[in-house]
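We call the chains A, B and C, going by the order they appear; numbering starts again at 1 in every chain.
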Amino acid sequence: MAVLTVFEYIAVLSFAVSGSIMAVRKHMDLYGSLILALMTAMGGGLIRDVMIGNIPPLVLSDASYLLVAAAASAIVYLLYERIETLQYPLRILDAVGLGIFTVLGSRLALDYGLPLYSAVMIGMISGTGGGMIRDLLAREVPLVLQRGIYAMAAFIGGSGYVLIVRVLEPSEQLEPWIALAIAFFIAIFRILSVYKDWHMPRAYHRHGG
Amino acid sequence: MAVLTVFEYIAVLSFAVSGSIMAVRKHMDLYGSLILALMTAMGGGLIRDVMIGNIPPLVLSDASYLLVAAAASAIVYLLYERIETLQYPLRILDAVGLGIFTVLGSRLALDYGLPLYSAVMIGMISGTGGGMIRDLLAREVPLVLQRGIYAMAAFIGGSGYVLIVRVLEPSEQLEPWIALAIAFFIAIFRILSVYKDWHMPRAYHRHGG
Amino acid sequence: MAVLTVFEYIAVLSFAVSGSIMAVRKHMDLYGSLILALMTAMGGGLIRDVMIGNIPPLVLSDASYLLVAAAASAIVYLLYERIETLQYPLRILDAVGLGIFTVLGSRLALDYGLPLYSAVMIGMISGTGGGMIRDLLAREVPLVLQRGIYAMAAFIGGSGYVLIVRVLEPSEQLEPWIALAIAFFIAIFRILSVYKDWHMPRAYHRHGG
């Protein structure tokens, strides 16, 4: 899984950066930013591990994720002005994070013997949980609830991954590459949904908008 | 437990509907509504299962709850205008959900060997947790904190259930009907507290109101 | 551990009081205050126990914490006017709570065989989690994110405790007193940070302040 491990660090780093940027925008200090970065980067994985019974959670048994997230938080503080102008790469990193965490979450759930639909749900929780915690702590309505297409990308990709792994039963050599391909599909789906302005229907209601 | 199982689905459906209605009011799209509905319907049970060690949680090992909640969310979208005018049945469903989840939570905690007072607390968490998550994600002060009589209904009913089961030790045939009776007591207590405008005392404070 | 047990009750009581005061300020009723007090006093420990696999959590297997927190909530309601003027003792109690919960969290994590850095993180989660839940439920930006020095006190103290226990391997008679000394160090560090107005650097950003 060396391929996916590299991308997992990219995902952790990306979510940590998004947490730090939110912290700066909310006038938090350096340690507030560090804590929000850690929670964003690790929140989805923590919930995932508690749900499937992977105790202690991965982020509490492998310090490298903590170090990557802390480094990301520090980088944001040093380079905040430059990073804020770079919306384009940040969105890509965020979408890559969503894709990788979703696939890794579904994969781990299957390893723990959960049924297929649960593996899809665990994938969605892993992919979207960190961002939801970030938004809650910063007093924003979670992005995943405002723009449901975000979760939809994780749902479609996670379902595809789980079905392919269970129906086709790929070899151990092939499987990480399938996971990687699905992660990229989710990321690209997500990026396209932003740039093409894909919207889900909203219910009519008389409270105005 | 066929009797309670039917009512458990009613409770899941009711909480899912309340989550979807909140989502529509907060201008969330269809998938945002679906996610908020799932979290409201399953949040209390997820926290309950993690606390008592029922891993993986029930909602991740039985897909039918997911389907019921998803169907409820879709129904709200199709019939939002009609449902919004039906405050009365919704309040009844919400109170029934509180009652059933509280009793089922206390029951499961006793099955897992927790002490009596813990079974009462787990019942309260099961009954009120989903609504608390719904309100947090929608940036509302949780209803259970504003109107504490809501939790009080769960506390009184849960305590009564736990004491009856432990002291009277009813037969396996009788016990589900006791659970059902207590669930209805909680629901009726809750509904009466709204219509009779029962209030708890508030502390005096100089910050005005 | 009789020494630390006494101080653990002080910590539970202190956090329960802070939760009740927040509830009164937010116009919650008596039961809302009770629930917020319980969540503030027990939230950090609940998350800690779920993370390290201590199921059922301590607060659900020992009723005395519940009783202490409930008593604290009632006292706040009876004496709210008097307590609100006592900012000084409250800050000390709050800082003592942070110190004691941090050390007890790190200690329990070491007992459960977690690596050193995880024990530090679990300590920080234990010390700051309750207050974070309180602020979230009351719709405040969590204090720990606004004033990161709060978490910093827990980080420095927890790291010191973990290193001393692992490197010096103190006797069973000595170890509780070391834990107590570190808890007081954290509390004093925290109190000094308020009165000396220690600040962490903030990133420059153009959104103003």
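Rule of thumb we're sticking to: a contact is a pair of C-beta atoms (placed from the backbone, for glycine too) under 8 Å apart; a residue touches a chain by one contact, two chains touch by 3 or more.
Just so you know, these numbers come straight off a predicted model, no measurement behind them.
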Original post:
subunit A and subunit C are the same sequence; what rotation (0 to 180°, nearest 5) superposes their CA atoms?
Top reply: 120
Subject >> Interface residue overlap between copies subunit A and subunit B, same or different (over half shared) >> reply: different
Original post:
So how far apart, in whole Å, are subunit A and subunit B when each is placed at the average of its C-alpha atoms?
Top reply: 29
**OP:** Please list all residues of subunit B that touch 2 or more other chains.
**Re:** 50, 136, 139
Original post:
What part of subunit B is in contact with subunit A in the complex they form?
Top reply: 23-36, 46, 50, 55-57, 60-61, 63, 66, 76-77, 80-81, 84, 136-139
**OP:** Using the touch rule from the top, collect the residues of subunit B that touch subunit C in their complex.
**Re:** 50-53, 112, 114-115, 117-118, 121-122, 132, 136, 139, 141-142, 144-152, 155, 199-207, 209
